[in-house]
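Below, chain A partners chain B and then partners chain C, in two separate complexes.
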Partner chain A sequence: MRTVSQGYQIGSATRAYALYRVRRFLHTPYKVVGAVLIILLAYFIIGPLLAMVETTLTWQSEDLRYAPGASPGAFTLFHWSRVLFGRTSVPMLWRPLMNTMAIAIGVSVLSLAIGGILAWLVVRTDLPFKHLVSALAVIPYSLPSWVIALAWIVVFKNRQIGGAMGLFEYITGVSPPNWLSYGIIPITLCLALHYYSFAFTLISGALSSVDAELEEAAEMVKATRAQILRKITFPIVLPAILSALILTFSRAVGTFGTPVFLGLPVRFYVLSTMLYANMDNRFVSNAYILALLMILISAATVYANNKIIRARRSFVTLGGRGFRRRLVRLGRMRGIVAFLVAGFLAVGVVLPLGILVWQTFMLVEGNYSPANFTLHYWVGRPNPRYAQGEAGILRNSMILGGAWNSVRLALTTALITGVAGVLTGYVVAKGRHTLIGKAVEQLTFLPFLMPSIAFGAIYLTMFSTPHWIIPSLYGTFSILVLTCAIKSLPYSTRSSTSSMLQIGGELEEAAEVAGASWSMRFRRILVPLSKRGFLAGFLLTFITIMREMSLIVLLVSPSTRTLTTMTYRYTEQGVAQMADAVIVLLVTLILIGNFLINRVLRSREETS
Partner chain B sequence: MPGITLRNVSKKFGKVTAVNDVSLEIADGEFVALLGPSGCGKTTILRMIAGFEEPDDGEITIGDQTVFSRRKGIFVPPGRRNVGMIFQSYALWPHLTVFQNIAFGLEIAKVPKDEVRRRVQAALDMMRIQGFEDRYINELSGGQQQRVAIARMLVTRPQVFLMDEPLSNLDAKLRLDMRAEIKRLHADLGTTCVYVTHDQVEALTLATRIAILDKGTVQQFAQPMELYRVPANLFVADFMGNPTVNVLHGTLSEGRLVLEGFGELEVPFDKLPKPGCAVIATLRPEDVVVCHTREPGSVEARVHSVLPTGPEIIVRALCNGITLTIRESPESAVAPDQVVYIKPRQGAVNIYDERSRALVCACV
Partner chain C sequence: MSRRVGLSILVVLALVALQTGLAWGETPQEKWLKDAKLGPYAPAAEDWKAIEEAAKKEGKVVVYSMSSRVFQLKTLFEKAYPGIELVPYDIPTNTQIEKVKREQAAKVYNADVCLLTGGSLIVHELVKPRLLWNYIPPEVRDVLPPQYREPIMGHHISTKVVIYNSERYSKAPVNSLWDLTKPEWKGKVIFKDPFRDTGNMEWLMTVIQHSEEMAAEYKRVFGKDITLTTENAGREFIKMLVKNGLVLMSSDGDIAKAVGTRGQKDPPIGICDYGKMRDVIDGKLVFNVAFDVKPVVGVLQPAFVGIVNQAPHPNAAKLLIKFMMGDKEGGLGLQPWHVPGNYSVRTDVVTPAGAKPLSELNCWMPDFDYIYYHTAEFFDFWLSLL
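Entry: the complex of A and B
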């Protein structure tokens, strides 16, 4: 008897404790929000990834074309063995892979060299017009990475591919050889002219956080400039340098626009363009295998980056104090260096944009005489002889619709990601040491590992058919928003986590101890205090999505096209002036957006 | 009677045991300081009392309300414990004015508008920060922010004040002012206070009782002077006092304490523990008597260095290879390399078991 009643008591005690735990869980807001977020994120990120893996491992109905005996849905290694070892594996996988690697390595080394030197000159020397230099140097990074590629085509186009004469040939009379017009060299150069901006930002940030006292201490023991640079400064900024190298590599692996514009005309493929081609031809499982490989490469590089940062973090002396800094005198070199920097910025930043603008004013492509000047592509009425009969872009309802789509997509995404970021950031910050917090942090980071084109590919098939409670989103605006929002989540989570770490800590607890409920704390404390971070993240996402192409190129339909994907279509159709006018319109919108960001952030800084 | 009781409270973070089986009985109106080195679990204890951390085990009561009990499955959230708290960072809301900061808790409690105004004004008067109502927090100095934080805590009339190193962000002079302010506040209101600090002077000057913590356990919970005169173990002896206590190795035998390099000491019969065991004796720097001539029971020492601090002089002396710290009055004329004769003041030596490090015999 006694044992029975004891057993009953123990049972009821554990049950009471379990009930207590459940009650506590439901009264801990970040845990409840976190649990909901984990389910949603798993559904939108892990789910598609698994679906993609599954597709590559089972027979698909389209395989019946060449494997008549296959039963769709059954397990097979056919796709993998075909892509990895089959007859077509060299053009399908290995050659694009080699191209991708070569380009990614070239781009990261070149961008690092350019960005690093520029950063050092701006931060540590008495270079004149520094503000102008850094303002110009960061412009390429806020534009689509393929703007420079379009300008390159205008200049170095040759007539083997057909079409009009390029600027280079017009001036020299010589048609540029293929290796200069298309393929690996121009792709690498154009991408480097974009990504150096990223290295510049990262390294100049690291350089300006180096405490000058560290260098002065070395000066005290009579170290020379070169020795200080080599033995003190360089090792301290090394983590930033390695980070810039690796992250540039990872982005260059996934890049799509530039290899499309400069590679496809000569059938030069990289992984991303091969993925797109496979998707276009409905070789879905091939495309997915390429996507998975790209994700793998990208994940490996990011993993390497985190290792380096973690191992070396202790080096970086990120102090809040403003350092006095004595600048390196360039002396007699000052003029020469300034001239070189100005030349570089002119050629790398101003010239490409100028060329694109110029091109939009040419009635006939390749005719550089003043008589050829026109506003047709801007404001002209439809004329069957030009632009396939389309009106100039400012009176072309399709293009204005595209511009509206771009803005609408960027705004909606920024709003959704911003709100989601506040919630994920809150959970990650509050649950820093708990399973829920870590799970949310890891899940929101996953999209960062996936190259945009691969991410778009996942969503294309995942949401093209009705899926649980979600109807088919094929061709809708919603699928663009969904894709862009999830892909931007890593950035918004990161930035809001850092502000939530402050706000969600003692500032929230002070309200809690005063008896404020969670909704009250959220409304009265958390939201007002995270407004500024929210706005910054909002504007950043806005710009990022405005220039996005590879993420959505697989997902747009005629009614949801954006300016970026329209540029792509026009280039495919060979209407360079229209493509360029669209891109000029887009760049203008982006630069206005950028200007507003800086205005808003600066005025907020002043008031706070 | 809003005292605070902790019974066998433990808390782990992952594998780190932050608080280990802590029991404290804090009486109504007491001012208790939690004192210990960084990382010993002070903040965690305070946050468990406030309700921001949930203990893994044990029971906590405030007044006659059980606010946490693992066994009974009780957890009262912070907002319903009726406690006030000052955070190390002050946690003043930067988007609100001073007035709004202080009034926040009253608004939450749905206090009528004119009473809010009256009570905020009273709190401002009490902390002597009238006229700052409409300023934002970043327009105040550190000391003013501190006063606002205290006013915000007072205004809701909580039954317990909890403070986590409230003065650690202030400079030395302001810290002294605010210490006086807090002491005065406690004298006026008589509210039970739990005050976390790693600064022993702060604890000694403010608290009615001090709990010394190390590695998540309470080492001693006693009145300040008792802690200082009769530390319960070597950790407390070493932690309390600046400069730190002199530590001498020795053995006990037949009513005598033989100290290495320091001669012998008579131990009264009634205080004698088991003879022959290895012990450690402690002697406060102010309890070392310095003579200029040899006296019975004194040993020869050579002055190593002389460090005047203003109101006193700290002397380092070498005595048979052992370094002793001595506190002397400023009039004392000792010079480096001088030979002096020193002996322990009567009844000032505490004896600890070398193995268990616990007190075996006090005031020899």
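Entry: the complex of A and C
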């Protein structure tokens, strides 16, 4: 009897203790929120990844075209051995892989050089018109990455490959050689002209936070300029440089538009375009293996970065604090440097847009005479002779529908990611040294590693049939929102974590002592104080999604087409004027959105 | 207690009854077929008045089309049948098949009518699994050749043929496919990327299937037997073509432009949709078909039309298909495809003005079964050439 009652008592004690633990857990809001988030994130991020791995390891029904005897669903290493070592592994994997790496490295180096030099000139020298320069230098960031590629085609296409004559040939009378028109060189250049804006933003942020007093102190102890640069400035800027490097590198690995427009005519493939070709011809397992390899490459890059510096995932700009800064006088070089910067911005930013606008006014492509001027592609009524009988874009209900889809998608995604980011940011900031915080941080970071086109491919398969509690999302608008929101999560989480970290714990503790519930604390303290971070993240997501193509090119259906995917289709069909008019419309919408959101941001700052 | 047991038993019984009831009754697909009078229930003669009435009630018809001329069809159809909206979607064949399969798997019934090429895939992936239904308006049955009746009705035939710039060359500068592999055409032959166009993949596979003719033609051109570095003469031709700097483009429109732009000193040769001849007639471009190229000037590419399984607007779909099949003059809904380079599958339709009759066009017809079972193999072969 005694033992039994003793056992009973012990049991009740442990039960009471367990109950206490549960209650304490429930009273630690970040843990509850964190636990829910972990489940959701695992489902939306780890789940698709596993599903993808599973697909590559089993026979699929489309494999019957290769192996008529295979039974779909059974385990096999066929796909992996075929892609990695098979007869066609060189053109399928290894050559595109080499091309991808070459482009990613070239783009990273070039972007860092351009962005770094520009940043240094703007932040640390007495360059004139700095505000204008920084305003223009970040424009490429708001454009789709392949806008420059399309402009490149307009200028440098040669007749042999490009059909109609390019602007270069029209002016000089010389047909540009293939290596200049298509392939690795124009792809690298065009991408660098887009991605340098990341390096510029990050490095100028870091440079402006270098306290000049440190450098002055070094000067006092008679350090040379080179020593100061090497020992002080460089180490402080290094994390930003490395972050820019990873960001550029992993973006360049996953990019699709530029290599598809500039690579195809000379049969030049990178991993992303090979993935698309496989997907399009329904060799899904091959496509997934390529996607998994792309994820591995990105992961390896980040890992290498972590080895070099501890400052992990510091791709968020360092906050620019107002230090006293000493400006380097350019002296006699000032004029020349200003001229070069102006020339660069004119060629890299203004010219591509100008060319595209011009092209939309040409009735027949490649005919540069004034008689060829037309507004047909803007406001024309349907005419079977032009643009395959489609009406001009401002009269074309499909394109206006696409514009609405783009705006709707970008706004919805920005809102959802923004809210989700506040929650994940809260958990990461509060639980910084706990398992839950770390798990959420790691999970939200994963989508960053997945190349856009691969991410789209995963979601297409995962959610095109009913899945768990989620109905089939195939062809719906929701699948676009879901994919874009999860893919943008790393950015919104980062930006909201950093703003949460700035909010001292005392405020919340004080409110708790005063008896405020968690929801009240969250609503009345955390949300208002992190509003700025939220809005900044909102703007970033809005722009990113407006110009997104790689991510959604596999997911759109006719009724959910966005402007970016419409441009792709028109380019594919060879209706350059329509493609360019759609881009011009897209860029206009992005700039309007940018302006409006910035106004809201600024008016908030004024009131608060 | 016993009451609860009783209730449970009742519930179970009700569920069982419901299940079996469904099994005894008809599936939604059967019911749809019966209501729409399609498949096994298609009548020998249609009451078009009734169909038009029903179609007006349905109010619209959604079309997936691999041809962008569906936009012209929309204008024509809505003029002929006011009150029925045609919702056009321009989707390439491969994507269309993928899309219909996924939609059907998800029980999302969006589309009514599919117009698409890629005969091999249509039969194996849509018609056999009962995702696309064949519908032949009784009026046209007798004027269709058998290969365009079953298993799915043809609509029009496109051709991908060898074209040259007729301003620079008064007569065709090539008269054999093998000429395209000669050094003087290095880097000057243009073809649409077969990864993006099923039709172009079929083109190349048809050449492979006709390897014996290709070998004989090689002997005629070069005066000696072909030395193979690949399995057969067809593959050898493709390999030599690629090694000779074959240029790939993403659209036939671009190819026509590259070949047919005026004022070129050294224009390329293209393998391109004969239908682009429209631009020549309009005076925008100058090119012609190299009709005498041996063994063939190109490969036929039939487009097929059918009604999507459980389509929401089956009557409007029937009405549209009848309209699309046109009349003897190539009018009504056939109009957008009644242009030089396209041919109606109907035997009684006049040849479009300015075109050679189909019977005089020396082309191969693709063998869709062969193509279906050789696609993967070809995919690998093509990859190995890149």
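Of note:
By our rule, the second predicted complex is superposed on the first by the 561 of 608 C-alpha atoms of A that agree within 3 Å, B and C clash if a C-alpha of one lies under 4 Å from a C-alpha of the other, contacts with A are read in each partner's own complex, and residues count from 1 in each chain.
Going forward, a contact is a pair of C-beta atoms (placed from the backbone, for glycine too) under 8 Å apart; a residue touches a chain by one contact, two chains touch by 3 or more.
All figures in this text were calculated on a predicted structure; none of them were measured in a lab.
In the superposed model, A:G515 makes contact with chain B only, not with chain C. With both structures placed on the common chain, the touch criterion links A:G456 to neither chain B nor chain C. Looking at the shared chain after the overlay, A:G34 reaches neither chain B nor chain C.
Measured by the number of chain A residues touched, the leading partner among chain B and chain C is C. Contacts of A:E506 after superposition on the shared chain: chain B is touched, whereas chain C is not.
Once the two complexes are overlaid on the shared chain, A:G106 sits clear of chain B and of chain C alike. On chain C, the positions that touch chain A within their shared complex are 64, 68-69, 71-72, 75, 89-91, 94-95, 98-99, 102-103, 105-108, 110, 187-188, 190, 193, 195-196, 242, 246-255, 257-258, 261, 264, 267-268, 282, 284, 336, 372-373, 375-377, 379-380, 383-386. Within the complex formed with chain C, the chain A residues making contact are 65-66, 68, 87-88, 91-92, 95, 159-165, 178, 264-267, 269, 277, 280-283, 364-366, 382, 384-385, 388-390, 464-466, 472, 474-475, 557-558, 569, 571-575.
Against chain A, the residues of chain B that register as touching in their complex are 13-14, 50-52, 54, 73, 75, 77-81, 83-85, 87-89, 91-95, 104-105, 108-109, 138, 152, 156. Residues of chain A that touch chain B in their complex: 16-17, 19-20, 24, 27, 433, 505-507, 509-517, 520, 524-525, 528-529, 608.
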